[in-house]
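Structures given as structure tokens follow.
Look for chain A in each of the two complexes below; its partner is chain B in the first and chain C in the second.
Right after this comes the complex of A and B.
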């Protein structure tokens, strides 16, 4: 009874790299490889469909569009690691962008952004208390909180109807501008944020606890972890990230509306799932999610370059998400 | 006591079952006559529950036959066993909590009138059939389960620990009703840890040991001793074997106990349990299944709160609201169920380091080199095979258990609570764990060790306490804590009641005769 339960199978006479088992093991140990391969395949397909489309400008456009999605998918990744999900990100992101646009005229940018972050944190705090202390299922809690935030934003819209406002220039610069027309300014926000998440998940006690609670809440509890503390902070972090994404989206589109980021919610979950984060908790990471967000953005661009009507694009997009997620789970699963 | 095959109601012969390398049943037989209440006895791991599962169709035997009224049957599922006339009632009621009682009855096609009749017989008169099963008290649910089984008039009724955790007055009723079934054309297979109940209602008892039927005993006055002897087997002869490793250290007079448990109670299982655990000792806890030991350990680990009683750590009272409180007081818990303790998808390192990062002040960046040092030391101490360190679920059971212990050893142990830590792991790992527990005690830690393997007490402990019916009923010094003494105490028999030599010899002879008879029947 000593040693490894699933011992490596005996090497066959054939080249081990050609066996399905070898590939499967590679994919299981390095789940990001098949994702990068798929991304490369999609880029090649784009070039095939519309020769010449793949150029530095196109790459810049893809990055610029992918950044807000990748941040919102980060909210899903962190919450999904604990077995949760955050469906309030759409409303929180839209509301934050809208709040900044309405406040910036009177209060200045710094105060407007601070106010939006504080409001988002409060929403996250309430969600966290609901999920962590009162044990409301995250799906219900975040859907409900999303509705509450949306309602408050609507009310705020009525109150502020007289102030014109609009997306401040600084947000437009960071959301849609790029260095030399290629490297998006939004990377100035995204790269540090992504590094904090990537390192935080691996090398902080808090990151370890997210995985622990998602993998086995009983074991985490028996080891002395108080899950509610972890969960409350988690949903605050998620809401603040959603607010940051909201600023970028409103800068990218030059629009401030209470439903601005709603269409990002499903893709953000899909990007995390395609990126290999288990919706059951305990498995995954942010690296895969970033690639997942890029994959989805390229698919959207590919579909629109094919010139299909909107309805067909939506059907194809949904079908592709499901197919990719199913295939990915299969090729990286334990044999 | 030879019986011809035809007048038996239920007959199982030569039943065996292996799980991988583990032999659960070697050669078990069971013969139930019409109209008798037949006890099925055996110590932990004797194969009792496997035989029960085979009879009810939940598990398929590797070899052996089961015959009902002389006709051989192959039982594929509990439903089929039911149609074949064998119905079981377990300790945990099998009612669907979100349906009312009437719907539950309908599900199993139970006739209502006979059901009501048996309810009255069992003394449960004021039951509203339209109440949700969830809202009915647990004890009543057990009675309902029994009445439901009786109502369909099965040929063989199997009661598996049905009376455990049943209040005394209801137990009496159940025994009364079971006793009244004697002499008819139906039979009862009765499984209980309580020898008094066996003596009160059973006609005969089949005793299992190490997967074999070692004897069939007519239950008369004084046959409890013989049953215990049969369950023990060679352990009687091994009396003189000197225990190794166990130190039997003397506790210095006037020492402050690390842990004092006073009058601890919880629910229906734990009643007024009291004992003391001293630094530098390994205190064994021995109990039959379901005597309150689970509740005791859950309370000590901070997972549950006692309804009464107090806990003192180093002489000062404590109250745990969360496992984190127990850990802060130095009480760390090693569970028997590794699925409960491990992050199966995470690495060995993360599993061992888990308790390091649970407090808010340690949520920040991890000192990776310091952590590696502590984890590597713990891995070396426990000799964990880390070839599959990437994911704990790929480790063997023994190595997984070592990881759950290493987690606490890495942080420095003051008091370790081990709940059956060697269950289902290989012998080499077991002995490594005993050595480790002795080492911990030698370095001043206090260890509380519940074990379902009586042998372990003399291998690892300094003294042992025995829990029966939620109370500490005996304390036994390690020199005296051989298997017969522990098992007697666990069944709450007088510990000084030694069986005279000639009686023991008789019991063995009878067992042989029974085995021969079984072999005869096989042919």
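Right after this comes the complex of A and C.
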């Protein structure tokens, strides 16, 4: 028994890349690697169960569907870094998309989008004041703000029932169109946004403050960080990002409804968590979240291509999230 | 030093001070009760016909959410959160409804017991996943909410099934006095039989201990994992009770989860339970649920647009919690 066990370990003593510890260390330092491996595995699995499905068109479809989810998951990533969460993204995204669709007929696209962004930032400002100044738990604050925005959007729907328009062509172009049927137009919005977040988190003082406040609020305060200002701005940013995602979703589905993006809320939290952002704050990043959003989108597409009924899909979806989160926690655990 | 100790002893001895201490400890719940009383008077003022029927309707419509909120309160007190309550309610409700349909009354008793056991099992699965994987509670229960909702859809594709007559009779109408609805009695009995003994026991102390400071609890010899598991099992049990009450109310089972998960979290916070864990009880959340439901029916009566009623719910939720945290901040400064 011991002979069998020691045989493979002999060469690994010479080559550090073959030891389990080395792999563990690599995964711990570069947590995005196992995620990319999982993504590759899922793509391979898709090809295996449905030969020929993996082609440029499929990739374009996956990207197009993943972009709004990745943006909303970005809202969760940023807020989770400070130990918060934003459950109002669904209502804010749907409300913004809906507002643009109702205003575009009379006011033109630019004004409509500006109005939606202003309304979203107001909601974010109120959330930020509640969380940052009045110390309301983010879960409760964003839950309540989600109810407020949803109710107001419904009320607006009744007011605008005569004029109600559709999704403007420009949003449809950016949300569901693609260059040569492969590269989605929504990347024009997503790539700059993602770069700003990635660089902002690593290279700017504001980004570092988010980590500092989430990691140790007391230490951050003692070193002179004005936490409430950081948090108020954070929830405004999150609401604006949710609004952008709302525009893309309404362009993607060609529907403007007040419940449009609700189904994205829980997956957006799941994408951020799978991507390695700690819900306790202070750890994580946007790179992992993007891969997490891709993983979830591929899983959903894989499950629906298998032709399982909705019930089985839901069960598998939940089970996969738990499994991935558990494996991830195990791999990256400090010990 | 000893003089101070004597003064404390004196204070304990005087009944008036003991009453003050009770008020201080349960201030939030008593405040909620006072608000509820005002609200009832107001309801009576705007709807002079509000009486026995109104109270009975209120008790019946409150029951599922009240039970869900008690379950949520237990897990929040012990430092966790359960976002799968709504899905567990849907699953237990459809299991009960699909199995009871067309069966005898006595068979229904067995089904109810089996469904309660199912609730414990679902809670045990949630709890052991939280304990074993060390993934944060909110993530595990969020993912499990998909699993349980999917299972509910597997059991029943569309709303259907049936319920034993005695189960429906259990929550309908009133007992002893027409002002005492059976649903309210059921709620009180359930909480008195399940939660109160637990709260008084060693387990109850452990639940509060791990919620308040997990490390300190561990160092004082509390088995953190086992206690956490127990808290999730209790929550599963209450979710099953809430699911059964849904079936009893409607006579059928609905596989799509209602808005119970997030509403229960809101009710728990309104009821004075700290989301950080370790503080609060189950009475506050129950009163909060009654207040929320009564406000909703008042707004319906006043013809307030339902959308504005949703806005009002959100504003109330935020406003009350802000008020609570302001009180705490002032206390911390004083």
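The rule we apply is simple: the second predicted complex is superposed on the first by the 322 of 335 C-alpha atoms of A that agree within 3 Å, B and C clash if a C-alpha of one lies under 4 Å from a C-alpha of the other, contacts with A are read in each partner's own complex, and residues count from 1 in each chain.
Just so it is clear, contacts are C-beta pairs under 8 Å (C-beta built on N, C-alpha and C of every residue); 3 or more make two chains touch, one makes a residue touch a chain.
This is a predicted model, so every value here is computed, not measured.
Once chain A of one complex is fitted onto chain A of the other, the partner contacts of A:218 are limited to chain B, with no touch recorded for chain C.
Contacts of A:168 after superposition: neither chain B nor chain C is touched. Legend: residue contacts after superposition of the two complexes on their common chain; A:143 is shown touching chain C, with no touch to chain B. Look at A:314: by the touch rule set out above, it reaches chain C but stays clear of chain B. By the document's definition of touching, of the two partners only chain B reaches A:282; chain C does not.
Looking at the superposed arrangement, the partner reaching more residues of chain A, out of chain B and chain C, is C. Look at A:203: by the touch rule set out above, it reaches chain B but stays clear of chain C. In the superposition on chain A, A:134 contacts chain C only, with no contact to chain B.
Residue overlap on chain A between its contacts with chain B in one complex and with chain C in the other: absent. Listed in rising order, the residues of chain C touching chain A in the complex are 129, 132-136, 138-140, 142-154, 157, 262, 265-266, 269, 275, 305-315, 317-318, 321-322, 325-326, 329.
The touching residues of chain A, counted against chain C in their complex, run 85, 87, 130, 134-137, 139-141, 143-148, 150-152, 154-155, 158, 266, 269-270, 273, 278-280, 309-319, 321-322, 325-326, 329-330, 333. Taken in their complex, chain A has these residues touching chain B: 1-6, 29, 203-206, 208-209, 211-212, 215-216, 218-226, 229, 282-283. Those residues of chain B lying in contact with chain A across their complex are 301, 303, 322-324, 327-328, 333, 335, 339-346, 350, 353-360, 362-366, 368, 385, 387-388, 390, 393-399, 407, 425-426, 428-429.
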